[in-house]
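Can you read through this structure? Questions will come right after.
Letters A, B, C and D mark the chains in the order given here, with residues in each chain numbered from 1 onward.
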Amino acid sequence: MEILQYIFGGIITFLLAFVVGMTFGGTRRKIIARIQNRYGPPIYQNFIDAFKLFSKTSAVHHGAMHYMGPAFLMVSSVVSLMFIPILRDGGWFPNLNFHGDLIFLLYMMVFGSLGMALGAGQTGNPNSAIGVTRGLAQMVGYEIPWIMALVAMMIQFHTTSITGLMDVQLQSGTWNLFASPFAFVAAILASLGMFRYAPFNIVGAPAELASGPASENGGKYLFTMMSSHSVFAFVKLTLFADLFLGGAGNLVELLIKTFLLYMIPVLYGVVNPRYRTEQAVRWFWGWPTVFGIIAIAYAVWST
Amino acid sequence: MVGSPVLFVAIPLLAAFLIPLMGMIWKEFVRIIPGLVLAYMLVLSVSLIIYIQSHGTIVEVISGWGPPVGINLVFSPFSGALTTLMTFLGLLVWLYSHKFKRNVDYEPAKKYFILLMLMVTGSVGMVLTGDLFNMFVFIEIVSISGYGLTSFFVRRDSAEAAFKFLLMGAFASSFLLIGIMIIYTQLGTLNMAEIAQRMPQMDYHMKVFSLIFILVAIGVEAETFPLNGWAPDVYTQAPGPISAAMSGIVVKAAVYANIRIIYTMYDLQGAYEYLLIIGLITFIVAETAALKQERLKRMLAYSSIGQMGLAMIAFGIGTKEGVYAALFLMFSHAIIKSLLFFSGSYLVYNKTSKYIKHVNGMGKYLPITAFLFTLGAFAIIGLPPFMGFWSKLALLSAAADSNLVILVAVILVVSIVEAVYYLRVVNRIFFFKKRANTKPEKPTINAMIAMLSLAAIVLVIGFYPDLVTGLIERAADDLMDKGRYIGEILSKN
Amino acid sequence: MNVIFLILILFLVGAIVTAFAGKWSSLLQDGLFILAVTIPAVLFFTQVEMNQLVGWTRGGIHLELGLTPFSYFFAILVLLLGVASAIYSVGFMHGKARKSYYYFNYLLTIMAMLGILFSRDFISFFVFWEIMTWASYLMVVMNGTRTQEIGIKYFVFSAIGAYAMLMAIVLIHAQTGNFLIQDFIDTYPSLAHGRQILIPILLLVGFSVKAAVMPLHVWAPGSYAYSPMSFTSVFSGALSKMGIYGMVIVFVTLLSHLPEGGLIRDIIAWMGAMTAVIATLWAIAQDDARKLLAYSSVGQLGYIVIAVAIGTPMAMLAGLFMAFMHGLFKGALFMVVGAVEKQTGTTDFTKVTGLIRKMPWTFLTALISIIALAGIPPLGGFIGKWMLYESLILSDHYLLVIVAFFSSTAAFLYAYKFLFGFFLGQEEEEWADVKEAPITMLIPMLALAVGSILLGAFPQLILKPINNGLISLGFSDSYGKLWETSTLFNEWGDKVVLQPIIYAIMGVFLTTLAFTYFRNRKRTRYVSTKDISTSGEIPLAHENLTFKENFFQPFLRAVEPVMKKQIDWYYREFGAGLEAIFNFTRRIYSGNGQTYALYAVIFLIVLLLLNGNLFGQ
Amino acid sequence: MEKYLDILEIAIYGSAVALILIGLYGALTKKSLIKIVLGLSIMDSGIHLMMIALGYLKGGTAPIFSKGFENSADQMVDPIPQALVLTAIVIGFGVTAVALSLVIRLYRHHDTLRIDEIKNLKW
């Protein structure tokens, strides 16, 4: 029966993440449009796109890995989702909350990129491969401040589990945003790269690479990829909220917190041009890493 | 007693005079008789070794004159072990060259075999003699036959090498005479045991002077550092088996003389340090010089010098372990270097210039010879489970036991250089393309037997060192026990 | 006869017999070769008893052989890889030159590795160590390419290591009077302080060379790359672990008694970390699969060194577990390269491409092994990494976490490059008739890949022997029960439970796959990689659609400053300088006989002038 | 008589040392092979002379036990150096002969007698 409970909880959580992720994505498009002085698509435009892709039938495929690429991506987002407490105090399905920790999550989160890259590789489209190499390079860039932030948290609060970190915030009454501010800054700066919005969108580079790794995918493949991206966005936002903003007691709180967090990369992206890959990598190894080091120093000092 | 040590000297000298006469009867006698003589010497020394294990050291007094006046030969565990080694190698060298010199005319062959026999005899004499002046005579016998053998090939630069050897040898013999003279005027005797006994009475400065003259003189033959300029040339130019005999027999005898003088005759502590330092310098200079050699035999020559340096270092440590290590080193070096010279000669057989590049690709054409050379190279580098390893281990162990940590480190670092140049050759043998103008020459069956028996020793001792360690240990005990040596000789008086 | 002897002698006899059997029949030789590996392996697992010592005396030195639980763990790895790679070798060496030579050295290497693990005294240890070195040296130079450079470099560094070890051994002998390892461990705490520091350092230098720790790693890339691939899988997978084996013993039994032990450990750990980073970066820059994997091996060994140097119970478990995993996946990956090399004749990424449909099983092995290498859950690689990070955090080595994590992330780059380079991308005409590798090569490859998966789900299979081994070394037993559940947890009580994770991953994966694949299966058709969308334009025949050159150029540009010069370069310059000096000093032998005579006279005069000082009473 | 013997002794020692030094000079500085061999011979002679001189006993007689001299062992010159010198002279002669034959070979091979031009073997 436990299995059924997991499956049911998983599906519900997935739907929640899907809806929230899609909506946020639509909002972003709208905001960008408005800032660029356009009218922009409606907020629900993403749903329409997804529905359209979902109902399309693919005529061609490029082989086994081509199929598996989106599946890998989906595994990464959904399994990560399962390990993240959506609401604190078990206010939502616990899923697999107690079975993994931060380091596990780190690896789970990069799993998708690699799987996707494999799928993109088999298509034989040079644009995909170029996009993949850029994406992987950028990932090495932002993982450094990101892991620094996480390690700083682990040092400071003596736990590597996400629920543990949430409990710490509950007990002390302060958010980690204030308890370890530098870690928060480093993590947020790293998150700019994770979302791959401008200025770090050279991976997809719609203009010249035809959206990079995704370029050979349409129909169901693209739908799978799109939904897993949305879920993944939700995963990241929820994780940030859990780690730094004390988690959320109910869904409304969760939505507000995640939306605010989401605005950071979105707004940063709107006002910035695009970096080249090596610039992006070096950018991440600049100030974000410095903040990361300060965060660790602060954590060591404060314990 | 199965025979007397005198026979070691008497039989070959007699044979040397008889061979030309016998040669008139049947030309093959010239080739066969030296072999028979060497075989007899080997049998004799083995049986004497067995004999002395139960009966103690043999001191043979020649023509009834007691030690201070007459000449005596001493067959102790130490000198006996060396004698066996030398005669064994001598026999192998003979076997190796027996057919090797087939294409050589009667006259040169006669000279070659007689001189070879005399060289072995002289070396054995150096080891066995208990008289300082007698030692000088034997050194001269070895040297003169060495000059002759070095210049054996007329068309090469062999005369040049021989002349350098002669020049150094002449200086050495002058110095040795001076040294002997000083000792005689001070102590009035030439018997080594008596000299050892009376040494404390000698004036300190005279003692040092005489020691220096003798050390420099014997150092020429023993290839110590500033005195070994002749050695690479001679090894390069002499026929292959003679190079083997030089490094395996002559130099061993010279080192023996060196050691006997320092350990038994003199009571100067500084002499050990001298051995250590000079040995170390010899080792370093020779091994580094070998690194960039272009000629195979010259490389082997420097390696040989370096190994003798190692033996001197081991003697210089001065403890029983050190002596044990040194003897083990001398033994393994004699065997392995002979193997290397034997197989190396065939790898570069057809070129008088003997460049290392001529061995390129020979592994394909001369597989067994190439394999034997590789075995020798691995063994001399000191890779287990071959023989060289145990001797090197003994040396390092002895040095460490005497707390000479730096020495251990230096030896090991220089050993890396040694490994490099040997492996470069091995790589060339197996993995380079044969050069168009080299012609592989198959070893004769005799040469093959000689090489295979050496290789068998390398392998067997490598897996089962106990075969020789007992013998070497007894020899080391014998050398360390100065009082017994003196007592045994003088008791014959 | 004791079974330990029997095993070693069987290998030795097998080596000789196999080498000569080739004269009669190639098939017989192959059969004998397989038997020569498997029979001792079977004997080992069925007959050898723990902690049973056999002693004998050789050359006046007392020697002992025996099996401890700790070496048992490494023996599993050696024999597993040894057997797998032996089967693979039969296919790989088919029709190649120097087969007898290969078999001989292969068996000798395996024997030497087992001998090292059996050795309970330093002399047998060193003897087997050196046999291993020269046998593997002969393998490295076997292809005959760049022997004077790669081979000599390998040997020189091996010699540096071995001689450092030998120095330590003779110093130990000077202290204890014998060569037994256990005696030395017992007397170690009572040694003089200088010796207490010197001996472990020398031993560590010796082991670091084989474990390819920077700055002694420069031999590794070349040697791994230029050996036959079937041997490299043992070379990198098992032989390098002998260094780890020694290091762990030194760390656990010696350095724990030393006040400065912590410092030495930290230095080694940092050296391991630097190795991991630098080697990973260089691996990314390689265009040859063999070299890529070679650098990758160095990098992976770096992690293992970090773990064992940190030396907390969890780190030790992590390090040894990673060592085992590395043996499995790197062994399989080298076999993959060998298969590709065998079928296409080259291992250059810029040439070979799009083999996935030609060699699907090879690709599957590569995929699984790469996932294990990258440390992605749920395969075994992740467990090792996880334990490493947790133990680093718990033991307050925060910067090391960052460094290790960085290189682990960067490893994704070359991991992807490996898969993409050979198997993905455009399917070129040139490789249209490449066939799948023969079955003898596929079976061992896939077996190792299955091993990676199996250890991901059931790490206790191997954590148990590791744990027993560490306890037998005298290691504190706070994690004694770790392997009983498949739950990994750290001292803070946080944990990763593997089974639900694996189920979740499989479930989601299959669901999505079903969603994209099974509903579309009938209606989609396969199109070649030429048939792709290029932003609406149809690619012309001459247009290059293969992206191979400068694969990670942007990334490499970002890290350019640290990759300007290889450490290799410094060694080369140093070596060249030394050779020049030696070349100069040998001019002492001027060739002029008179000069030599002059030396003699001068030497005499100098000695005479020095006399009193030189030969002091 | 005494004084005469003293002077003789000094003269002998002096000439021995002078011979050795002359020989050394010749062997070490002269470039001609022949001169080097000559130098070696001269040096040898000097050493032989010195050996004889060392064994000499002032006013001693020849070391021969003959009628009338049975009990005069104390007065005899030490016989051993003389024996040694005989041997050494023979050896020196042999070495010189070998040396000269080598010189001939060298001259044929190199067309020169200058030792600093015969350097095919070096380093």
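Note that a contact is a pair of C-beta atoms (placed from the backbone, for glycine too) under 8 Å apart; a residue touches a chain by one contact, two chains touch by 3 or more.
Nothing here was measured: the structure is a model prediction, and the numbers come from that model.
Here the chain at the heart of the shown protein, by mean C-alpha position, is C. If you compare B-C with C-D, the chain pair joined by more contacting C-beta pairs is B-C. Inter-chain spacing, taken between the CA centroids of chain B and chain C, is 44 Å. The geometric centre of chain A is 101 Å away from that of chain D, both derived from CA atoms. The distance from the centre of chain A to the centre of chain B, each centre being the mean of the chain's C-alpha atoms, comes to 79 Å. Centre-to-centre separation between chain C and chain D, using Cα means, comes to 69 Å.
Of all residues in chain B, those that touch two or more other chains are 160, 163-164, 167, 171, 232-233, 289. Among the residues of chain C, those in touch with two or more other chains are 586, 589-591, 593-594, 597, 601. Chain pairs that touch, as defined above: A-C, B-C, B-D, C-D. Listing the residues of chain D that touch chain B in their complex gives 20, 27, 33, 36, 40, 43-44, 47, 50-51, 54, 80-81, 84, 87-88, 91-92, 94-95, 98-99, 102-103, 105-106, 109-110, 118, 120-121, 123.
Listed in rising order, the residues of chain B touching chain C in the complex are 160, 163-164, 167-168, 171-172, 175, 204-205, 208-209, 211-213, 215-216, 220, 226-227, 229-230, 232-233, 268-271, 273-274, 285, 288-289, 291-292, 378, 383-385, 389-390, 393, 396-397, 399-401, 403, 405, 408-409, 412-413, 415-417, 419-420, 423-424, 427, 430-432, 464-466, 469, 473. The residues of chain C lying in touch with chain B in their complex are 57-60, 123, 126-127, 130-131, 133-134, 137, 141, 144, 147-148, 151-152, 155-156, 159-160, 163-164, 166-167, 170-171, 173-174, 198, 579, 581-583, 585-586, 588-591, 593-597, 599-604, 607-608, 611-612, 614-617. On chain A, the positions that touch chain C within their shared complex are 3, 6-7, 10, 57-65, 67-68, 70-72, 74-75, 78-79, 82, 96, 98-101, 103-104, 106-108, 110-111, 113-114, 117-118, 121-127, 129-130, 132-134, 136-137, 139-141, 143-144, 147-148, 151, 154-155, 158-161, 164, 210, 215-216, 219-221, 224, 276-278, 281-282, 285, 292, 296, 300.
Of all the residues in chain D, the ones that touch chain C in their complex are 24, 27-28, 31, 36, 115-116, 118-123.
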